[in-house]
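Each of the next two complexes has subunit A plus one other chain: subunit B in the first, subunit C in the second.
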Partner chain A sequence: MKGKEVMDTQNINLLEGREKQVYEKTAGGAEVEIACDKTSLSGSVSQRACVFCGSRVVLYPVADAIHIVHGPIGCAAYTWDIRGAVSSGPELHRLSFSTDLQEMDVIYGGEKKLYRSLVELIDQYQPNAAFIYSTCIIGLIGDDIDAVCKKVAREKGIPVLPVHSEGFKGTKKDGYKAACHALMKLIGQGSTEGISACSINILGEFNLAGEAWIIREYYEKMGIEVVATMTGDGRIDAIRRSHGASLNVVQCSGSMTTLAKDMEEKYGIPFIRVSYFGFEDMSKSLYDVAQHFPDRPDIMEKAKEIVRDEIRKYYPEMQKFKAALTGKKAAIYVGGAFKTFSLIKALRTIGMSVVLAGSQTGNKEDYKNLKEMCDEGTVIVDDSNPVELSKFILEKEADLLIGGVKERPIAFKLGVGFCDHNHERKIPLAGFIGMYYFAREVYESVMSPVWQFAPRKGGLR
Partner chain B sequence: MAREGLTINPAKTCQPIGAMYAALGIHGCLPHSHGSQGCCSYHRSTLTRHYKEPVMASTSSFTEGASVFGGQANLLASIETIFSVYDPDVIAVHSTCLSETIGDDLQQITKKAKDDGKIPEGKYVIYASTPSFVGSHITGYANMVTGMAEQFAVSTGEKTDQINIVAGWMEPSDMREIKSLASLMDAKIVLFPDTSDVLDAPQTGKHEFYPKGGVTIDELRSTGDSKCSLALGCMSAEPAAIALDKKCKVPFETLDMPIGLSATDRFIMALSKAAGKPVPASITAERGRVVDVMADMEQYFYGKKVALFGDPDQIMPLTEFLLDLGMKPVHIVSGTPGNRFEKRMKEILERAPYANFKNGAQADMFLLHQWIKNEPVDLLIGNTYGKYIARDEDIPFVRFGFPILDRVGHSYFPSVGYSGAMRLIEKILGVLMDQQDRMALEEKFELVM
Partner chain C sequence: MTAKTATQNACKLCTPLGACLAFRGIESCVPFLHGSQGCATYIRRYLISHYKEPIDIASSNFNEETAVFGGSHNLKLGLKNVTQQYKPQVIGIATTCLSETIGDDVPMILKEYKAIMGEADLPAMIFASTPSYSGSHIDGFHAAVRSAVKTFATGGAKKNMINLFSGMISPADIRYMKEILTDFGMPFMLLPDYSQTLDGGPWAEYHRIPPGGTATSAIAESGCASASIEFSSTLEASKSAAGYLESEFGVERHQLPLPIGIKASDRFFAVLEALSGQPMPEKYEDERRRLVDAYADGHKYIFGRKAILYGEEDLVISVAAFLREIGVTPVLCASGGKSGQMKKRLLELVPDMAEQGIEVREGVDFVDIEHEAERLQPDMLIGNSKGFTMSKKHELPLIRIGFPIHDRFGGQRLHHLGYRGTQELFDRIVNTVIEERQKSSPIGYTYM
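The block that comes next holds the complex of A and B.
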């Protein structure tokens, strides 16, 4: 039985059928194309989530809307305030609303219950809009959510938006799309009067730990008006008038490119892809936006000034971290591939190399870029699992894992430092100051005295 | 606010996570979620946040096709993949709202897997039907534990001296404490499920896919020959004891989960009687210490109003314990529906006719908050979600139950038994006295309390 050897994480084989989703960059190695955009193998311990999860994370930070999960209780319970997307005002998004469907509802349909719930909620909380998420069984019992939403919207005079996020209808990426479609229904409904010619929307920034505020401040300092952030610290009115902006600046391309493309097509607003992680990408995202307004050289001047001042402020502080971290190795396994690029660069800034890079939802182009960026010997994985991650972390002798909630305890069990670059980050990692925090967090975790008691590869020291 | 359809800030979650938690209490078991990928991911994340431990489980990864044509192919493929790659001793399959609604029959599919030779010799696939639109996470736990009993227990016709203890939904630390009490009494027991040494595993430098704890298959098989069962909790444990009685004629007694003094007394006496062993002096002395602290500190408990929420089998004995301490449980909420629960709570609350109690539909945190606003309390007890209310109303707050996402300790220190009672007393006094110190005027700020 090969089981024994399989389950020894220091000496495992790859899951059958996974060979094409794992790639090791070697000198003169064969150019293998990574198979991605695949649904996970049935029976695998995948780290991925579902369509509903994709929609929920994208729309969740809209703080003056109610978010009601139409289905049995679980989907609402598990997504109740788990993402630290902060709001400067209303906090409706932090409450958990569910139709809590019961057996009789599944048999006779849940439309009436949804209607009643919506009316009760809107009367109680007076939100500026409502998002209604369909969960798996809604797709099966055939509730006409669109009709209920229309009816309530008419009666209550606010936008009531269906989000078609049945869990099984694709992957998390399809959930992003469903969320973008809901946002598109809002965009264009507000007045664009008084919006500056030098204006942008910030897309794909969710204001975890207040990151959107940092980014917004940079742009505003440059003299640019930020019409809407989608969806961090999001407001319905801002989203409704966001078609008045002259440029869409898209981070987290996986989730928001759909929206940017739709807005380009419908309103002729061009978009650029950016990243706010690390000095290099952060600076570039300011320059790229400035370049979009060539007749305003002062904007570029201001951008340069910000970059100069900020790097001057944080770079010296980071040298202490770099001195300690140089030569240390990192493994990265995050949701989106675009984030991986920035992380590789940011880690290089503090002297660290990357021995494993992977994502849950990267596409072909992402992995092509990733291969080009990575050093030799780096392992690249799509839709990985704990066994594989453990194997490569140990094999490649990583000192740090960057991941999300399910990866954290695996790193700690292996005696490896950890940085949460997902929902559970507690400090802002975006922007220049975010790079400083990132370096500090990595330093603190990698250098923690705890590891002397938590030896790697087993056994007491 | 009058509500008909809506749940705001739930005091429960759905069945499958309970089934997943229970299955982790079998040694060498991989829980399998027969549904969309998200379910499995959410359950693993929530359990990981609660235990700060890796939680392994696989998923059938439903697609649109599976939802139209049924999930049989996905489950069969899953079983094959899991045994060839992850090599567990047992796969414990639970359903989801999706697979239930499309009508997948787990019994039939697992039988087909066996007939088709997809289950290797000496390996097992067990299952539990856990539709998310019925009951709560507690129901799911009970269903999986019942599945263990029904599908593993064997009756050889010869009874042994062994006692089954069916654990209701409790922490690994609680299960460890139950085993320790039985061992002190020299009672031969098999406890199932048993998540100790699974979800409180030590740091070893290795990621153990199957940690060393968990009830073994041999132990589960042997439950059919045990002389009796003690079910700790009428909601989460009793159904498995009933199943054992039906299948293997193992008589059972249902007890409250041993939380607090009185419920622990009843458990110790029942165990002593079932095992035919006297209560050892060490346990009697431990009980004496609990009563001693209760006496020493009675003035700080007496008449204090408490709001509590959580899972039925824990809430019932906890309410009783609060009454034993002289406190007044005024508001009690549990999202889990069930007549047994209502009936038992009525008995316990005979001493407290003033109490508000609600479970099932719309028994949620929003309701609890409304009640607290109408009648303020001195103490709030419940899972992490209570922290919003505790902060809004400035109420001392003791974390207790599932999930606890923002503190550690629950998986290491028990709430059951006399040491659990002692811990609860310490925690309750701690927050009450901290509040008193914080609020005290200069001249009333006391050194000795």
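The block that comes next holds the complex of A and C.
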């Protein structure tokens, strides 16, 4: 049963309907606008997920709430304890709850089962809130989850929030919006008494491997109060009073800009976009926040001190990595486009160039910025797939791929180093220390002697 | 109070996952899910985390219009795109809860598609109905295998060959089964064979479809085989591939439990001897002798130990019977599946089940299992890696078997079946107990 060689890279044609989602930056090349914000093409094996996935990842780290997935078992099973989002206290988020709908529920409706599930789970776990995620078939079978949520909230005296995340009703971005919508219902319900004038909310930071704690510590050292992190190490009470903060600091702009805009409109809280990834962007995110409080020059002073101390601490090690990695080439394919900007800068810090950059969910503005940032010859892709990614990785002779779980085996099969930049990572990549970890991980993968046995490197014999 | 209605930390996966895995074991086949993009992506991620191999699963990518007007257009477009981009010989199509709920008639859509496209240049299409509100991943797996056979098998003159439907086993187990059948000198068809597609070598260039898998020409011949062996204690003939071949083409069906432990392996080899007319090759006699010897060498460390066992029903039944061979008591045999067969089938293999204090529970989740663990105070857990959190919390060693193993390296290379697999399992169980003793022992433990 010998398999056949099915393709060679020269022969990959882009699928009809995808040509405009791939762009190569060339000298004097035409200014083509990358098509994005499209739903994936049927049959194209997108690396994307769905609306539910978007909602679930954003709300997942809220640790003192229960998260109930209303639908058949799959969606809950595949998101059980899925992210490395850590909590300093309760860990209800690490449990997986599903109404596990069966055929009879699909026929007769799942409202009663949802109601019973909710009441029992709330009694058992005593959470501070409950999020109810509707999956694909909920709308189709006609369940009124809003009504069930209202009823349970009344009976149990805690917020019970529907998250309308039917998988097929849009893309992951729509899921982010549904999650923000649920958070908006909590915000404004708590007391803002005692909140400092120099205060912020950290938005779009999910405390993967404790990253939110690293960031929070920097801001607190600067003399700034952090009211809520959304949603890393998240707590319902903190979210409820987050409208008392003077500024929203938004990372992972793809998921949380909606919330920041809504909070600006409703509570007049301005927001800035930041990234905590790489020395350059991390420093900027401290300075930008400090600038927001001009009557407190001590905050800026402190920010400068932190940047100075931290970079001094990691600089020598970084030079070691840079010496080894200079001239190596990287490919980036991640969820949000904003992340790619930081990654490109961070890779340059350690001497690496970027030959492929892409994201699942970037928008027009993102891709315009990306084009400006990238070197000539860099390929830019939106909503790509394994076939395309492999083609460009091989053509551009990348030494490293940065991506998530689904991209990892593509790199390893082809004998290319890999750096996890996903929800499951166990090592913090944010902050100054995170940049050190990032460089170390890249170094350890790219410089490993195992690649000498890979066919593309000759394979030795 | 304990919540009963919701499923908490499920001990099962959804039906389409099993179908995708089975389709991966057919040569030049692309799995295709008719539903939302998320289903394909989640399932890919889940499988990749275990097998560490690229797994492309296409999706018809429903949107709101699709859900209102039906998935026909998207399915056809998707098939066309997959055909163009992957050039597969086969597309394995499985439904999801979404396409089943809106009532898409997939066979009809496929018929229309063939009519529009002209049958000649099209890949073959296998279709399995796998709504996730009905059954669990193992049902999807068997449904896909059965539909593959239904699609390709033709009747004809009997040939000197056998079919082996080996069930949801590891790539290493599949390779071992093929080695055994080869050593018996019997031509065979093993389905599904993902031993290479999900555990293969490095690539010089990207393969849209990984090499390996059961050839469709071999599946076509399965109707002419002299017999089928099907590993499963709970699978009904009406839902099984071997059952189909028996009723349709008169291919004798030998339903055997997964051959784990000496007795179950003996039974499997006895069937092979009968079907081939050959005695068991000396190599396997040696393996068996070494295993019997190892049982003797290791028995004292494990006698009377209690284990909680969980996972797919067939795996649990077979491992439970094996544990009784070595003096370990599986105090709880648990599954998220609900075949209704588990107790009955286990009783056939372990008639003194009740006296031994063995409890069987179907349709449970990990929170149920954890409650039982508090009551039963076992010495170890045996099952997939999803029991890790429980094992950590209760300081119980976990012996990882089956699927998924997401938190350890090499799950795809674990053996479970036959004398070789039993040997590996036995060694791991004994060593787990010794390690626990070593950890808690105040005296030197440099010798066993």
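Following the convention adopted for this analysis, the second predicted complex is superposed on the first by the 446 of 461 C-alpha atoms of A that agree within 3 Å, B and C clash if a C-alpha of one lies under 4 Å from a C-alpha of the other, contacts with A are read in each partner's own complex, and residues count from 1 in each chain.
FYI, a residue touches a chain if its C-beta (ideal position, glycine included) is under 8 Å from a C-beta of that chain, and two chains touch if they have at least 3 such contacts.
As the structure is a prediction and not an experimental result, all values here were calculated from the model.
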Here subunit A is shared; do subunit B and subunit C fit on it together or clash? clash
Just subunit B (first), just subunit C (second), both, or neither: which does A:K113 touch? both
With both complexes overlaid on chain A, does A:V381 touch subunit B (first), subunit C (second), both or neither? neither
Answer with first, second, both or neither: which of subunit B and subunit C does A:C252 touch in the superposed model? neither
With both complexes overlaid on chain A, does A:F168 touch subunit B (first), subunit C (second), both or neither? both
Just to be sure I read the superposition right, which of the two partners does A:I402 touch: subunit B = first, subunit C = second, or both, or neither? neither
Of all the subunit A residues, which ones make contact with subunit B and with subunit C? 1-4, 6-7, 9, 15-16, 39-53, 68, 71-80, 95-103, 105-106, 113, 116-117, 120-121, 124, 135-137, 140-141, 167-170, 386-387, 390, 405-406, 408-410, 412-415, 453-456
How about subunit C: which of its residues touch subunit A in the complex? 1-10, 12-14, 16-17, 27-28, 32, 35-46, 48-49, 52-64, 66-67, 74-75, 77-82, 84-87, 96-98, 101-102, 131-134, 136, 193, 196-197, 202-215, 218, 386, 389
Of all residues in subunit B, which touch subunit A in the complex? 1-10, 12-17, 30, 32, 35-46, 48-49, 52-64, 66-67, 74-75, 77-82, 84-87, 96-98, 101-102, 131-134, 136, 201, 203-210, 335, 361, 385
Could you list, by residue number, the parts of subunit A that touch subunit B in their complex? 1-4, 6-7, 9-10, 15-17, 39-53, 68, 71-80, 82, 95-103, 105-106, 112-117, 120-121, 124, 135-137, 139-141, 167-171, 386-387, 390, 405-406, 408-410, 412-415, 453-459
Subunit C-touching residues of subunit A, taken from the complex the two chains share: 1-9, 13, 15-16, 39-53, 68, 71-81, 94-103, 105-106, 113, 116-117, 120-121, 123-124, 135-137, 140-141, 167-170, 385-387, 390-391, 394, 405-406, 408-410, 412-415, 453-456
